[in-house]
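Chain nomenclature is as follows: A, B, C and D, assigned in order of appearance, with residue numbering initiated at 1 for each chain independently.
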Amino acid sequence: MDYQSILNEIADEITPLLKDGKVADYIPALSMVDPNQFGMSITLFDGTQYSVGHSNTLFSIQSISKLFTFTLALKFHGFDLYKRIGHEPSGNPFNSLVQLEYEKGKPRNPFINAGAINVTDALINHYGDETSAYEEVLKFIRAIADEDSIRSNPIVAVSEMEHGYRNLALANLMKSFNNLDNNVLDVVQTYFNHCAVEMSTKMLSRAMLYLANHGVDPITGKSYITAQQAKRINAVMLTCGHYDASGDFAFHVGLPGKSGVGGGIVALIPKKMGIAVWSPGLNSNGNSLVGTMALELFTTKTGLSIF
Amino acid sequence: MDYQSILNEIADEITPLLKDGKVADYIPALSMVDPNQFGMSITLFDGTQYSVGHSNTLFSIQSISKLFTFTLALKFHGFDLYKRIGHEPSGNPFNSLVQLEYEKGKPRNPFINAGAINVTDALINHYGDETSAYEEVLKFIRAIADEDSIRSNPIVAVSEMEHGYRNLALANLMKSFNNLDNNVLDVVQTYFNHCAVEMSTKMLSRAMLYLANHGVDPITGKSYITAQQAKRINAVMLTCGHYDASGDFAFHVGLPGKSGVGGGIVALIPKKMGIAVWSPGLNSNGNSLVGTMALELFTTKTGLSIF
Amino acid sequence: MDYQSILNEIADEITPLLKDGKVADYIPALSMVDPNQFGMSITLFDGTQYSVGHSNTLFSIQSISKLFTFTLALKFHGFDLYKRIGHEPSGNPFNSLVQLEYEKGKPRNPFINAGAINVTDALINHYGDETSAYEEVLKFIRAIADEDSIRSNPIVAVSEMEHGYRNLALANLMKSFNNLDNNVLDVVQTYFNHCAVEMSTKMLSRAMLYLANHGVDPITGKSYITAQQAKRINAVMLTCGHYDASGDFAFHVGLPGKSGVGGGIVALIPKKMGIAVWSPGLNSNGNSLVGTMALELFTTKTGLSIF
Amino acid sequence: MDYQSILNEIADEITPLLKDGKVADYIPALSMVDPNQFGMSITLFDGTQYSVGHSNTLFSIQSISKLFTFTLALKFHGFDLYKRIGHEPSGNPFNSLVQLEYEKGKPRNPFINAGAINVTDALINHYGDETSAYEEVLKFIRAIADEDSIRSNPIVAVSEMEHGYRNLALANLMKSFNNLDNNVLDVVQTYFNHCAVEMSTKMLSRAMLYLANHGVDPITGKSYITAQQAKRINAVMLTCGHYDASGDFAFHVGLPGKSGVGGGIVALIPKKMGIAVWSPGLNSNGNSLVGTMALELFTTKTGLSIF
């Protein structure tokens, strides 16, 4: 298939829509991003990459980091992780406290904020302290992206914390239900440090290969998790990867994916490729408006879908 | 692959668990079913069938009927259907009123009870009256199962209505929000008539082929819906097919599926086969306990999964 | 105290506000009422009445009827009534299903719709059938108002039923929890028949005397309920009488009271008088805008308050 | 009336029930209190006191402090206070986050935890910093109780903070909605400092006189708030003073009152007296089991009730 032509077509078709999204404005560092940007990349199992647009521009991966922390927590804690976090869609916005209270402090899944904060807590347990937890996750991201320059933006991380009252509310609520082991402020700051990691679509599409290939990096041959764990992470991505629009994404795109408020979305086609798209303007559900559209165009044009 | 051996192995492995499920007891007709039964069938695209256990026994398909009414409503109303019904997971039990009230009478998806009642209302609009709506759905089920003997059990249908106060509450609530066009009692009775259809796992696995094959029956060549519609129905099955345990089903089984309180579950492997399993004992989520387990064993043993 | 002058002052002061309310428009019979009307009456224990405005005009008492059915249900069932209905404020709109579902079909109090429908069901149990229940309640209202001409408006009663889907949802939900004994349609129709009773402020202020005088009509000497029951009904009026604005009414008016969507409000000053006010324009909580204001002016001007 | 005999009778009648309550155990300092204690006091407008039992024993006033902080906040901010806090019953437990989220960070009333934390924030605004806010509230409590020895127990205050995750969640949630002006930790610690104030029933019954006498201390003649403010505080006590059992308290006791998790309850009879009762064993709603019962006996035996 001529992937490059398809990406070029998509870039053309989405251009008129760039102005329709709304850049996240809850922290200054994100609100200043130029909305008029779009990048998209795919990486095949042999390492071939196809890209279009701003595919080398670094952006804040935000909630896409939840995918990587979940991978490590599942690797180290296995099924025990499900004593503290579920794997059901929430049917509520990503930062809702209502369900967390009704369900006695156990987050619905690892991709809503409460769940990802809880995953971070589990990683701090595993690595011993929050600094190690932060660094090991970063090391993992560099490994799967095969790119040592990746770092977290400290300005974004600090700014998130200064506006992070709702996440602090979620963490304190879990703590009140004895479902958080470490210091609330440390856990939330570590969570924000991971959200502030910056990557390009080229890096992210490369980083998805281990999930597309049942846990094994198809280029380096390195095995990160079991085939079953990889399939299950993909299932959670499909059912819970886009908050309250997860059904919509499955319906229109038909691929496992995970979005971030920085405008990035990652997706994958099992046994075939990793995909990443970025455009900072968001739709009303907090997912990249043009990014979602681009992925729908990609599955339509290629006929690739898990269904 | 030696499907027959795999089915035989599964039947052996699940036997000790048959006693753990709990048969639905909200109406007499269902509560009298012997829990000690299990049947499983797969149908390939060339019509080859493999079965084990009580695969010819007729049982009440119940909510599996929602899949067939949704297919017809999507066929006739297209995207207009989404003005009255969403396609997001609900994160709530299948008959909850809470979300329906918060979301002003618009059901979250076509597979929760409110959604299926609404789909029935849309079909009555299309076919002109409730009798035609009932008969045309039955005719469709007979066509896709290639089996003219299929009928609805009137004792079950009447009994459901006598105990259907919660469904009447859902329907009246939608009516109060002007999201139900026809007479409440007629719509709910028609919905129950479809739930009371009786089929075997052999029939049901056959009936799934059009969804596994992008809308076209691979045996007869008859086209029912577009490829995109079929893929989208599969996506809704994956994200919403098992009520509040949809994430769990995706996580453990990894296939689009739909369960019914009569103990049946249908599933499919895109471009490969239709699957049906039946065992009347339910788990705490209202899905067949042994049926869910059998499907997990099937994907593990065959390695077949959409992820 | 010169009550007549105070009533006259109030009538002057509220005149400019008559245009601010919004007449109930969910049924034609109510929506056609001229909003530019206001009446207010008080009745002392010796039978002296003071009135101003449209104090002889008949209007639909609507939810004020809940006070009278609650009185009879408490009289006949005593504390057993609290097995089926609570006496806590709901913190939700008058017709919400959410709390009713969370609390398994037991209404929070007798003044929200679900509670009053449940009270009607209890009265049908007591009187044997719905016709008797309807007639005996009407007889009771005529007795306490000392006015035999009082009747229910059949056009309103039928029209309510035709638009009563939400109340049917509430009743069906209670029935699904086995907290409704009689036929759903019969119970709801009887409830609407009582809501459609028509009275004037003169009649209503007279009808409140038994509650102001600890259960005994101070004029006829007839005892209807015990002193403790009367005090407790007053307590429920104070905490729950105005739906989600009960706290606001207690805060501003400081008297036990009950409002209806027809624009009427009744209140009482223990050991002193019955009060009724009517003006059909409603505020955003569904209580008479000018009526609430008139009662606040009354307690401010007279200094009469239970606090 | 022979108040002393009535109090003695009450003490006799409640003795067998002392063992039925459950002492608060969420912090060590409270859990170690001997449940077998009971004290009750009334103070008349001329200063006469009647007491029975452990009426000189100091106990943690806990949520009764909300009454005093609300008084000061209403005094200084007037109606502006209602921009940040409502005055409606919540229909939910005292520390629920659900309603706070649905109502966008505006607490339902000043007596649920979120409301009292918000009141504390308003007082810090008024007094300039948290130390002054803490000290001025203490000074006010000493003045209305006419007792300079009153102090806050620092062990309780610190212990509350160490277990105060849910309150921190509430405060952070309000902060996320821009409905909290000061530093979250400072506000919550100041709130806990007030909760840790220790008083006896003699002191508390004396401290209620200004509320029973329309804002003016009947003994010293000192005016604290306006008559209307005092009446309105009483109304809020009646509708919201006992969390999710406020209706029950109004129903059975029929007086404005406020309870605390330390086992104390204050109440008042307008124009007559202040009342305080203490017994550390709680009922399932978190109110003193024996204390509630003692107050019901008091109103039954004296016939005193606002209704």
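Here, a contact is a pair of C-beta atoms (placed from the backbone, for glycine too) under 8 Å apart; a residue touches a chain by one contact, two chains touch by 3 or more.
Bear in mind that the values here come from a model prediction, so they are computed numbers and not experimental data.
Chemist: Is the contact between copies chain A and chain B built from the same residues on both sides or from different ones, judged by whether over half of the numbers are shared?
Modeler: same
Chemist: Distance-wise, how many Å sit between the C-alpha centres of chain A and chain D, to the nearest whole number?
Modeler: 47
Chemist: What is the distance, in whole Å, between the centres of chain C and chain D, each centre taken as the mean of its C-alpha atoms?
Modeler: Those two chain centres are 32 Å apart.
Chemist: What's the distance between the Cα centroids of chain B and chain D, rounded to whole Å?
Modeler: 55
Chemist: Indicate the residues of chain A shared as contacts by at least two other chains.
Modeler: Expected reply: no residues.
Chemist: Can you name every chain pair that touches?
Modeler: A-B, A-D, B-C, C-D
Chemist: Touching residues of chain D toward chain A in the complex: what are they?
Modeler: 96-98, 101-102, 165-166, 168-170, 172-173, 175-176, 184
Chemist: If we count contacts the way the header does, which residues on chain C are in touch with chain D in the complex?
Modeler: On the chain C side, the touching residues are 86-92, 99, 108-109, 228, 230-232, 234-236, 238-240, 244-248, 250-252, 254, 256, 270, 300, 305-307.
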